[in-house]
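Look at the two complexes coming up: chain A is in both, with chain B in one and chain C in the other.
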Partner chain A sequence: MISPETLVFGVLAALGLISMVATFMAVMERDLLKAVLFSAVQSTAYAFMFYILMAPDILLVYVPVAVGLYPAVILFLIKKTERFEGGEEE
Partner chain B sequence: MIDVNAFLFSVLVFSLIMNLGISLYGIFWRPSLVKKIIALTILGDTANVLAIVVGYRAWIAPNRPPIPPVLTTWKPTATDLSKFSSLAVDPLPQALVLTAVVIGLAVTVFLVFLTIQVYRLHGTTDVRKIAKLKG
Partner chain C sequence: MRRAYKYAVLVAMIVSTLALALAVSAGGLGYALPFPAVRNLAYWYLRTTYNPFMPKFTASAPEAVTAIVWDYRGLDTLFETSVFFLAIIASMALMRGIEVKAPKSINLSKYGMSAIVKTVTKITVAIILAASASIALHGQLTPGGGFQGGATAAVAPLVIIVIFSLYFAVSSGIKKKSMLTLRTLGLLGIGVTSFAVIVAGLILGKAAYVFQNQPKEAAPIGFPSHILGVPMGGTLLFFNIFEFLAVAAGFTIVFLLLSVPEESVRKVLEGGEGHD
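The block that comes next holds the complex of A and B.
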């Protein structure tokens, strides 16, 4: 039988791997709109991580800032400038 | 016998350090200024999570998790305090991270408006093209 401690650390490791994949996709993606979405996925994984690491007050600040305001501000920036990295090919 | 919990915890720390590396790559080698801002937010968030991970503590028993650093009694006695300090995680990194999240938001908004100004003046957000401009 799997113990609760192992379960919690397993969820933490899975969230770490999810955030690593999302960060890689966000940095490598040429479409900046998709990069913002991957960065939001990574922020969601970090938010669950804060909750499991017993920091509920950080969670309350982090969710509106990193899942709400960061993508909103960067979407505003993409709307004002250009959408594709390295010129407008498409 | 391999310690499964220590292994899973080191997977977590490894993935966070990999995140630091990937976002540093994004800041230094990706050409778009918008991509640099996205990578910078990821870098700041990863540093915050690392600080929280440093403040975490080992479990007392396999079914006894640590508690958040919040005192729930109005007039705590010495026994309450010693029980609290034997169970709660470290509150100091959480206080620092709470400040850092808000400061990171302010820095990001400032960089966003700098980038908009660069686009208005030069018509591009590609640093390779901006570096070739004269004047």
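The block that comes next holds the complex of A and C.
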């Protein structure tokens, strides 16, 4: 039988791994639109982690900034510049 | 080749993260509890943040985080706020001369997304504004506060700009000038609140400090701690309201400037320095 603490820390570990993979994908992705989406996935995982770590004040500022405002700013900038990172396509 | 390399790096990162997690949970960096001296500090904050039996020490707000942010370390928060405003001012200076306005006599219903999306958005915007107001106004009682509420409220104009078009936002009153007025009002309010007690002390002939909230040992005046029997945290309520206004308006200015069509921005930028 898994104890509740172990379950909570397991969920935390899973969210941490999801956020790490999403960050890696965001850094490696050449399509910047997809990179923003990966970054939003990372932010969502972090939001759940803040909630599990009992930091509701941080969560309340993190959700609008990291899931709403920050992707919006980046999307505006991508619209104004280029969608693909420099260099030739593979 | 490059693809295989990428996946090798990813797997290596996952393995090393798991190994580090295992090492930490096995006590590799010492066990998780901080030093006893640090825990005494936390105990002191939790004991005094809302404690009617220690009126000389309490911040009279049940929410310890807001009390710490705006009372125990209020000056730090003031400088954080000024950093945010300098960033907004810098972005406005960078985009000076760019006018955010709708062309005269346009058919607003032609712009933006479909009627279904617009109807849903109308409901969502109301919900966002209500939630943000409750986050900011309850900041001294429940988790939340001015910055949190302001950042949430700033999502509403953003959604309006994206779904209904910039021209709709501008013609329904979300203008650069009115947002600037709101932002200045918020800043002014923060300034007035932080100097209110010291001015009252000068008038009444009593000692007081800048950023004072509740009465202290040598400074016997302060903000009312309860309004209608509800603990209001003295200055915290006012700081939260004004920070809410200032943050929401500041973010909205940035979004208005960013959403101006690229052609008109280029025209201004290529026009050189002489442009208005």
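Criterion: the second predicted complex is superposed on the first by the 86 of 90 C-alpha atoms of A that agree within 3 Å, B and C clash if a C-alpha of one lies under 4 Å from a C-alpha of the other, contacts with A are read in each partner's own complex, and residues count from 1 in each chain.
In this text, contacts are C-beta pairs under 8 Å (C-beta built on N, C-alpha and C of every residue); 3 or more make two chains touch, one makes a residue touch a chain.
These numbers come from a predicted model, not from an experiment.
In the superposed model, A:Ala72 makes contact with chain C only, not with chain B.
In the superposition on chain A, A:Lys80 makes contact with both chain B and chain C. Of the two partner chains, both chain B and chain C are touched by A:Val61.
In the superposition on chain A, A:Met20 makes contact with both chain B and chain C.
Looking at the superposition, the partner that touches the larger set of chain A residues, chain B or chain C, turns out to be B.
Residue contacts after overlaying the shared chain place A:Ala35 against chain B, while chain C stays out of touching range. Within chain A, the residues touching chain B in one complex and chain C in the other are 9, 13, 16-17, 20, 24, 56-57, 61, 65, 69, 73, 76-77, 80. Per the touch definition, chain B reaches chain A in the complex via residues 4-5, 8-9, 11-16, 18-19, 22-23, 25-26, 30-32, 34-35, 37-39, 41-42, 45-46, 48-49, 52-53, 56, 59, 62-63, 65-69, 88-89, 94, 97-98, 101-102, 104-105, 108-109, 112, 115-116, 119, 124-126. The touching residues of chain A, when paired with chain C in their complex, are 9, 13, 16-17, 20-21, 24, 28, 56-57, 59-61, 63-65, 68-69, 72-73, 76-77, 79-80, 90.
Taken together, the chain C residues at the contact with chain A in this complex read 2, 6, 9-10, 13-14, 17-18, 21, 25, 65-66, 135, 143-145, 147-148, 151-152, 154-155, 158, 162, 251, 254-255, 258-259, 262, 265.
Across the interface of their complex, chain B is touched by residues 3-6, 8-10, 12-13, 15-17, 19-20, 23-24, 26-27, 32, 35-36, 39, 42-43, 46, 49-50, 53-58, 61-62, 65-66, 69-70, 73-74, 76-78, 80-82, 85-87 of chain A.
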